[in-house]
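Next up is a structure, given as structure tokens.
By written order: A, B and C. Residues from 1 in each chain.
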Amino acid sequence: MSSAFTPEMWRSIFPEIGLLILAIVLLVFDLIWLKQPQMRARWLGWMTSIGIVLIMGISAGISMPQGQGSVEWGGMLRFDAAGFVFRMIFMSAAALTALFASQFEALKKRGEFYALLLISTLGMNLMASAADLILLFLAIETTSLPLYVMAGFLTRDDRSVEAGIKYFLFGAITSAVMLYGFSLIYGLTGTTQIYELRSAFQAGNLPVGLAELVIVLVLVGFGFKISAAPFHFWAPDVYSGAPTPVAGFLSTASKAAGFAVLLRVLQIAFAGQGSLWTVLIAVLATASMLIGNYLALAQRSIKRLLAYSSIAHAGYILIGVAADSELGTLSVIYYLIAYLVTNLAAFGIVNLIESRVGSDEISALAGLNRRSAGLGLAMLAALLSLGGIPPFAGFFAKLLVFAAAVERGLIWLVLVGVFNAVVGLYYYLNVLKVIYLHPPVEEKEVFPPTPAWRIALWVCLAGILLIGFWFAPWYSLAQAATSAIWIY
Amino acid sequence: MPMSYYLILSAAMFAIGVLGVILRRNPLVVFMSLELMFNAANLVFVAFSAYHQILDGDLFVFFVMTTAAAEVAVGLALMVAIFRAKRTIDLDEMSMLKG
Amino acid sequence: MIFGLHPLLLVTFLPLIGFFIILFLKAEQKNAIRWTALLTSLATFGVSLAMLALFDPARGDLQLVYRTSWLRVGGISIDFYLGVDGLSILLVMLTTFLTPIAILSTWSAVEERVKGFMAFFLLLETGMIGVFLALDLVLFYIFWEFTLVPMYFLIGVWGGERRVYAAVKFFLFTMFGSLLMLLAILVMGLQVGSFAWNDLLAQRQLFAQTQLWLFLAFALAFAIKVPMFPLHTWLPDAHVEAPTAGSVILAGVLLKMGGYGFLRFNLPLFPEASLQAAPYMAVLAVIGILYGAAVSLMQKDVKKLVAYSSVSHLGFVMLGIFALTQQGLAGGVLQMINHGLSTGALFLIVGMLYERRHTREMSAYGGIWKVMPILGALTLIVMLSSAGLPGLNGFVGEFTILLGAFGSQVLNSPYFAGAATIGVILAAVYLLVMFERVFLGPVRVEANLSLKDLNAREVITLVPLLVLIFWIGLYPAPFFNLINPSVERLVSLVQGAAMLAIH
């Protein structure tokens, strides 16, 4: 291994360096403004968000990987378009979450919250580009540890702490199981390089059953990250207990990070075992859709409903993974982009309502459109997008996922998806019903949200609409990421 | 010593860890069981590192040990927070979030 | 080209412009909102007349085609592809014609949240026109789904007492069918490598093996929309709870989307399966005719009666379509228009009564002719048109359909037409009974004595419908001229498949 540093090496981790510096800067300002909470409340969110946007802009300018990409840092990191696109997804989610957090009293003054958010995003970035199991494990832990703390951030609120503990326990257990899988992979092949594993596994000289065992163990860890059934038990409790912006972040960025790893590991390291894991993934997808949608029907809290819906959406996205094709990978990435803006918008609105009404019951949304027509419309767009109704983002995402499965002849899986989509629509409509058709709890209530929150919501809404019918840019992003993975 | 001894030991450690995590209600014992699971993986790494004569496995173990320590630190902090409020850390008592 | 824009683009998206103008108006400016909506819809009607002028009725193929690439998915192009032929042009005209009338009918009926109402109404118009014009199946699906949302709100927000239940039921029923259709669209599109209607038609043999399944997936979506027996249960709920304008559009246009779907997609794309399924579909159609009529007979609520009569009338349409003969199909298309006019007018009349008395129970009326002679006279004509009196439009449509069904080799049995004829008689009975109970006899209820007859606006809403009712009834040739060339192509296509199937 040559010890010389090349500019390419630095370019490959530019966003992470940027995030780290930003986190430190935030902590410094947190200290400078120690005695001025209103300054912290006003500026920290903006600083985080603008900082991330700057990093995104600069990395789009100078550290966009070309062609099939390269391996950097002694084989630790894959510097390719897939990593780049996923980084953009995570960082957009973090930037939006930072703005949404400004609406949350207990978070907005806390510099360490924003720092944790950044570190966790840093971990996700590394997850998406890790080319080695060692870095992958470290990246997953770097992502998870701050998230545990963020979920339990409100130490005075039992529900939040309880959410933190539950998230922590499930996370630690599943990552231990996954690590055991990693150790067996290393044992079987003698390498930790994801890209070398492919040939090692294809050689076919492995003991019968062990490869299967390894895949199952690894899937446990990834399944937790994407909150797929049967590793979903934490999701409803954590989403409803954690501060709402954190729940939004968990359901979008953290899920996307899980899928980034899932795609890379399954389609590169286990490319030869496709026939095995596609079945497993299809089963996970079915279970997630069924459990997510049917349990969502009974929910009275909007956050729990969104949690179950997020499990169901993990199921829809897994359909694209199960297709194990280029179109499948593409549909997964497109779905993640669409889901990001949609779900962040939904959680953002819930966050605002919660901070005003003080309840996350669905009934707290009653007559929302009369209290604020704009909010009503925004929630309408978000829920219909979740339900997959054109012309919103969610429709085209579902179309792609279903198309990928049809292409591979997985008609039964699409049928399951279709039936579930109807069930899903039913409870989204139920929420819409409360918003539009029920009389408001109190007459004419005004919601003056912070400007930061407003801008974040506008961005999400623009995304929901643009991803819905101006496909080209998002599609070509997803395309670039897909070909980077499928080049092997 | 043949490889299988290490593997059987690690599998046993892992199984005990999993059972402990699932069955025990005291979070401190759950943490210890978690450690057992991590160390089961570590044992496999070390054993195979020696077998393959490639140092990657040993390297991995160091990282795992550090992250495991970090994890427990976070976990204990959360336990302290909940203990302040509830005066108990029994996992069965954590039932605020049900529905 | 109109104003440098393609006429089909203009007719589809003009309502959307009105929608955006309304969004920027204040909710308090109710009259400005109403006028914007009315003028936009009238302008759309004007554009659709221009479209009609550009349309060459002698040709049976697609005309005024607008096609531009929208997106490529895995090498398959999804196009923004619009076009019109004899099957769709009258339905587009019906849509643009009924929308201003429906908007006019809400002038005083909708007082609350006018802004939302009109906004949704214009959105709905764009969606409906898009459904009739779209020739790319993904685009078609997008418009198809797109109509659900505004209708959901029109029923759910401005509807009657059980509006929420009706709205959700409407939405889920239609959604269920259409998602299976989406699956079928994907299967075909990925096999052929294109989602465009004529590409699929040209390479039909690629999915000929699975066409029965595809046929069923499409048929389910359309049959729910039509609605065919036994999938009709959402319709009475939706109709009864919907506001008048909603009912007019629902009966007048939305139900036609189902019939149109059969004509545009099921018959040409899956002709062998259509032949196979035709007798079963015809049986369902006839059951629908008789069942709808029988249930109508028993209704005490005027609006429910009209709603169930829709099930019966649309049974005729389906019978005509699945007779798979020139006459049957042409009659089916025309009957869709007729039903839109007559039933639309009936719903308007029910709405006018309801606005005055706030009840739809027939027992609350009686002798209305004496207090409201204008309404009485207009209702008589509409009622007779709906009952199929010769000289009015309903007769032309039903008679052509019965001829088609009688001469159909596919159905090959006179019983279909015979049973349907019973439906015609029953229709006359329930409509006459309704008319007798509401309009004739002495005025039984005190409150009815002081009812005001129709005002000018209300007369204006009904008169255009009556003009067309007479026109089609007395001189249907121009309408058949528009329909026939396209129907001939369709028939020869299906017959060609039939010949192949026999040999």
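By definition in this document, contacts are C-beta pairs under 8 Å (C-beta built on N, C-alpha and C of every residue); 3 or more make two chains touch, one makes a residue touch a chain.
Model, not experiment: these values are computed from the prediction.
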Chain occupying the most central position, where position means C-alpha average: A
Highest C-beta pair count, chain pair: A-B
Between subunit B and subunit C, centroid-to-centroid distance (C-alpha), Å: 65
Distance between the centres, which are taken as Cα means, of subunit C and subunit A, whole angstrom: 43
Centre distance in Å when subunit A and subunit B are each reduced to the mean of their C-alpha atoms: 26
Subunit A residues within the subunit C interface of the complex: 326-327, 330, 373, 384, 389-391, 395, 399-400, 402-403, 406-407, 411, 414-415, 418-419, 421-422, 425-426, 429-430, 433, 436-437, 471-472, 475
Touch list for subunit C against partner subunit A, complex: 27, 70-71, 73-74, 138, 141-142, 145-146, 148-149, 152-153, 156-157, 163-164, 167-168, 171-172, 175-176, 179-180, 182-183, 186-187, 189-190
Residue ranges of subunit B touching subunit A (in the complex, touch as defined): 7, 10, 14, 17-18, 21, 27, 30, 34, 37-38, 40-42, 44-45, 47-49, 51-52, 54, 56-57, 59-60, 63-64, 67, 70-71, 74-75, 77-79, 81-82, 84-86, 91, 94, 96-99
Residues on subunit A engaged by subunit B in the complex (per definition of touch): 133-134, 137-138, 141, 145, 148-149, 152, 155-156, 158-159, 161-166, 168-169, 172-173, 176-177, 179-180, 182-184, 186-187, 190-192, 236-237, 240-241, 299-301, 304
